[in-house]
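This is the structure I want to talk about, given as structure tokens.
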Amino acid sequence: MSRKVCIVVTARPSYSRIRSTMLALRELPGVELQVVLAASSLLDVYGNVAEFIMKDGFQVNARVYSVVDGQSRLTSAKTTGLGLIELATVFDNLKPDLVVTIADRFETMSTAVAAAYMHIPLAHIQGGEITGSIDEKVRHSITKLADTHYVSTDQARDYVIRMGEPSERVFKTGCPSIDIAADVLKSPELTVDVFEKYGGVGHILDIASGFVVLMQHPVTNESDTARKQMDASLEAVRRLGIPVLCFWPNLDAGSDGISRAIRIFREKGLDENFHFFKNIAGNDFLRLLLKSRCIVGNSSVAIRECSFLGVPAVNVGTRQQGREHGPNVLHADYYADEIHAAVSKQLAHGHYESCHLYGDGHAGPRIAKLLGEVPLETAKKLNY
Amino acid sequence: MSRKVCIVVTARPSYSRIRSTMLALRELPGVELQVVLAASSLLDVYGNVAEFIMKDGFQVNARVYSVVDGQSRLTSAKTTGLGLIELATVFDNLKPDLVVTIADRFETMSTAVAAAYMHIPLAHIQGGEITGSIDEKVRHSITKLADTHYVSTDQARDYVIRMGEPSERVFKTGCPSIDIAADVLKSPELTVDVFEKYGGVGHILDIASGFVVLMQHPVTNESDTARKQMDASLEAVRRLGIPVLCFWPNLDAGSDGISRAIRIFREKGLDENFHFFKNIAGNDFLRLLLKSRCIVGNSSVAIRECSFLGVPAVNVGTRQQGREHGPNVLHADYYADEIHAAVSKQLAHGHYESCHLYGDGHAGPRIAKLLGEVPLETAKKLNY
Amino acid sequence: MSRKVCIVVTARPSYSRIRSTMLALRELPGVELQVVLAASSLLDVYGNVAEFIMKDGFQVNARVYSVVDGQSRLTSAKTTGLGLIELATVFDNLKPDLVVTIADRFETMSTAVAAAYMHIPLAHIQGGEITGSIDEKVRHSITKLADTHYVSTDQARDYVIRMGEPSERVFKTGCPSIDIAADVLKSPELTVDVFEKYGGVGHILDIASGFVVLMQHPVTNESDTARKQMDASLEAVRRLGIPVLCFWPNLDAGSDGISRAIRIFREKGLDENFHFFKNIAGNDFLRLLLKSRCIVGNSSVAIRECSFLGVPAVNVGTRQQGREHGPNVLHADYYADEIHAAVSKQLAHGHYESCHLYGDGHAGPRIAKLLGEVPLETAKKLNY
Amino acid sequence: MSRKVCIVVTARPSYSRIRSTMLALRELPGVELQVVLAASSLLDVYGNVAEFIMKDGFQVNARVYSVVDGQSRLTSAKTTGLGLIELATVFDNLKPDLVVTIADRFETMSTAVAAAYMHIPLAHIQGGEITGSIDEKVRHSITKLADTHYVSTDQARDYVIRMGEPSERVFKTGCPSIDIAADVLKSPELTVDVFEKYGGVGHILDIASGFVVLMQHPVTNESDTARKQMDASLEAVRRLGIPVLCFWPNLDAGSDGISRAIRIFREKGLDENFHFFKNIAGNDFLRLLLKSRCIVGNSSVAIRECSFLGVPAVNVGTRQQGREHGPNVLHADYYADEIHAAVSKQLAHGHYESCHLYGDGHAGPRIAKLLGEVPLETAKKLNY
């Protein structure tokens, strides 16, 4: 009998990360892949993942609309509760042998609790890392619910074991998001006109002679100031006087603040050198990054994928605080001056050597193989 | 301004454990106590806590009926999801400065996730212990969501710190359930006729010359066999030929199995020496235990309170596996013979010396004082 | 392409009523039958329908555990809300062309609202009748959400049309519950020993020389007095001095009161002539009724099926108030004396002629045929 | 003891309609007003009602974030289910003697079911009218759950009674939304610069010499074509060559389609004479209408308030189909040419006489007085 491995995708960036694992799982004999889409992965405004996933030839086994509108801390909790109720029913129907959850978005707690309570072995990808915000609590809390762990770095593995997980169930596989980066390095040419293909709003820019990318998510711990934080970043990159490709934020407490900052920036007519995108398919996005002179903001892409790609990055604020990073990253606080100075330094430096801190580009197949083999156990005690 | 401390009670035994803390909090200047009742604490069939809590003079700020019927793993998850949705709304209304969650029942995850996601500091009582079943995952997962920890033993404190919690936020206070035990030791006389006061079903027994107590909960990991496990225990104590006071189980996956075992045992007319209770108020229950010759089953009461009271205990099966215990405990597997042998040994031995492993009887005031003082912070990183 | 007809069953008695329709639908070319089990149909304590349904060879397409525990008005509302959330997801997955809902239990509102809001044509069986309690509101409210109506009597058809439904969409089919009664009349012998087959609790009675059946549900409008109402009925039939087969109530606000009345009646040792059943399969139950000298309580079975079977009935209280009935029914208020007098009168009278008020025994095939043909429209306006 | 009257507001336009009733209720001796905000009334993007309501000096007793994101038929059902769960808890806490629900938006079913199931008398405002779309089913379904009815017109009263409601519980009060219109007629001057006060996007227009208003909501029955419908209306008013004030739609299945139509219209640069508003306070909005030369779209405002104000209206499509209207309304199908022709005709005609079909401007106090007096009964039967 096949081992039914169920992957729950709850957001656009989660799909990018898990894609190489899914492609490898599909080829693995003895494994039946189940795909569940939930939360913001189904919402148009955040980039409907369903289209990308079906273009890749995967079948979707269940869809769970679980986002409670309001984009606040309150609705984060309610979204997680609604997802938990419905994912329990989904698991009861699909009867997976193994459930896979990715990283640390707030709503992934639904997947983890449902699987753990229903005694379905839970595999957690990207545990053991350190960041700021509520993600930190979510990530480690899920580690304590998970049965097997697929981590990106040596330090992450060490930390998961120190939290009491048995070492034989903690695998350093590298981060699967690096796999896409590695593919992109092999065929780095951006063959599409992103303005034409992805629409968005704002001016059509000449990006041939260089540009920067701005991608900033709300920091949940500071949602009220999310707009001011974005103001600073917009102002900093505006001063550079070169084209800026700016991306809409994830669904999170505070994303409304970011969106408002962008709207007002545009209303004021400050967006002469700016174009705003909602979503760009993983590969195109990385090729775009590879062509860019610097990525600014607080996306983990700047730290993970860009360390591998060698793209200079300016990490703004606390969201990625404490996360391991390669030589390509400079930090700046939420001040336009400080951000501007850091970006200027990166523009002067230019691209970096590829760094393998977060993986070598083969994480997906490695994780898939393990998912096909790991013992299907749910009993666990603190390993002290 | 007062510090609003919100205690969420989700079950009968949780109220017993938190009661001394609540009594002390009520007297603490600068603290406003908020009480929320949720899950099985509101259900008659499991012993409606609301009555006891109001007899103690506490006001209930909100009631959340969240138990999804079915008593399975599936409905455990759904109950937790529904509780999460509604507790989020409750916290939004009550605006507590600090939320307190107790121990490790599955539905306490609702409290923990709601508080953590809404950036309300979370205090967790009785973390760091080791047991069997899903409780183990719940307990440690909540540790990673909580901001301050109030543990029972030195080992528990050590384990919470090893999981990455900052040592200055982990307090060894002793277990608050020992507080009631200490009160009971001061006035040990059982002044009520339990058959008259608490009703129940079965024969009215002459317990003056000694009896045993049977209290067995389903083990979630083995819900399907819950009935057989109970069969073994019932048979073992029946053979003793002395009076048995037997208690109905908690609401959990498998409690139906236990109830069925009891029903069939009665239908078969094997219950000559048995009386069955739904619930007995904390103090009366401990006085009853103090008079008993042995407690049999898998309740944590046998390990915590009875170590302090010196009541001989036979712990059956895996539910309390790995938990620290005093000299009063013998273990037995789910076989009538094995259980019977262990109980016989305990009857021969008689009562033990009081052991302070789980506390000295002053945990409640200690915890209350800390809850009134601890910094109200929610930012946290792995302390490695 | 097949027309997908989705039947949502939410309780034990609903399945009995819809069974002949389902059997006929299964044979109908061009129709694909979908079966969804929700609410109390899945709960053991109320007689798990899943077993009967699968014994009949039907496949269950989805299971929705939606009962919020508490058996109060509050939890009735919450159960309906939870059912609505999950049935919406179920319909989104199953993509039925037509949804069928049965009668007027509170939680059937989940089915009706989900279908109506999702623009799936809704077929409603047993509308247009008049009874007491909240069922009255539920029934007519669903009529206004439904697109086609399958009613039992001429008066019911008239009433549905007077409420503004277009007459061409209101079909008098007879009540499908009469179909089982008609089958039973053809082979009326009870070939099983009900005590052996269905267990239950209480004394094994000699029923060969006559007995009465007691079946009383809580009246939602008077849930607080449900216990007293049951006390009166128990006392009334006890006085007869002949065997009584008594049935546990449905899941409703107040069922706890009924159960308590039964428990206390038994504790008091008044149950010498009583046996208590949880559930008996439809056919066996009707054969039992046919052998009985009278049915007492407030079940609609006494009015519908028993009018066809000619079984004398004493209808107690307001639950069936205003419902059309045949000559076999006498009414009594909630007083032991009054009930006792009415039952005595019926015992003296003996069985009645079969009455076809609620149908001729061919409703199921008639409804099935219509479900396969009716236009799949959801637009509707008051037809005034 | 005061009679606690609880008003549940679920959307921006519902507050406008109920405001005069609330103002009158506040002054009524023996009445305690409770206000609950739920669903889209709390969402910024649809015009957060909380601000307006608090500016009017009302206290909000509970907030229920219940909108499940997705804006589809599926999420309409889920939103209603989530609202039902939480409103039940709210009613359990607030213990209202009477619950008031307004009109026929899909999510008002949550209010109606929760109140009916909890045996709280339900007052329904604006029943008995006829329109297109799902609102039609919702409206009449709520009529069958409600205990008292406050309708706008003689025909509406007649229809509610014909549906089986007892005539002594059906009150013709006029529509409360006319009350605001009457106030506005008394002080018709628009004293604010709407562009300055309400922001919005698009060009700042010179509206002194005349303009039209475009307000179009998605028609739920035709959600997929919502965008095309809006395209036609946008094109029709664009051709007029005069200023257009256009409003964002309500939260409904299909509102995304309308928004997309607006976005693309703007991207194409067709919006030279357009300004787009999210929300304008009730009074300012009516004063603006009064100054306008015509209102185009499918808002009920065009039919109710504008009949009283005498503002020419072009009603597009099926949403208001069958609703009674005064002489100020012309109809057009979803074709730019047809809409353009009708608007041109209205521009030529100019303003109309005030028509009192929907009320005389004193509905609010009338309804309030009745709410303070009506018997608090929940038992009801078809009055045939």
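In order of appearance the chains are A, B, C and D, and numbering begins at 1 in each one.
Throughout what follows, a residue touches a chain if its C-beta (ideal position, glycine included) is under 8 Å from a C-beta of that chain, and two chains touch if they have at least 3 such contacts.
Source: prediction; values computed, not measured.
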Intersection of the contact lists for chain A and chain B: C, D
Between chain A and chain C, the fewest steps along chains that touch one another: 1
Chain pair, C-D or A-D, that carries the greater number of C-beta contacts: C-D
Chain A and chain D, separation of their C-alpha mean positions in angstrom: 41
Centroid distance [mean C-alpha coordinates] between chain D and chain B, Å: 52
Set of chain A residues in contact with two or more other chains: 65, 74, 78, 82, 85-86, 89, 92
Residues on chain D engaged by chain A in the complex (per definition of touch): 42-44, 65-70, 72, 74-75, 78, 82, 201, 256, 263, 267
For the chain C and chain A complex, residues of the former touching the latter: 62-65, 82, 85-86, 89, 92-93
Touching residues (chain side chain A, partner chain B) in the complex: 73-74, 76-78, 80-89, 91-92, 106, 109-110, 113-114, 116-119, 130, 132, 134, 136-137, 140-145, 159, 162-164, 220-221, 322, 378-382, 384
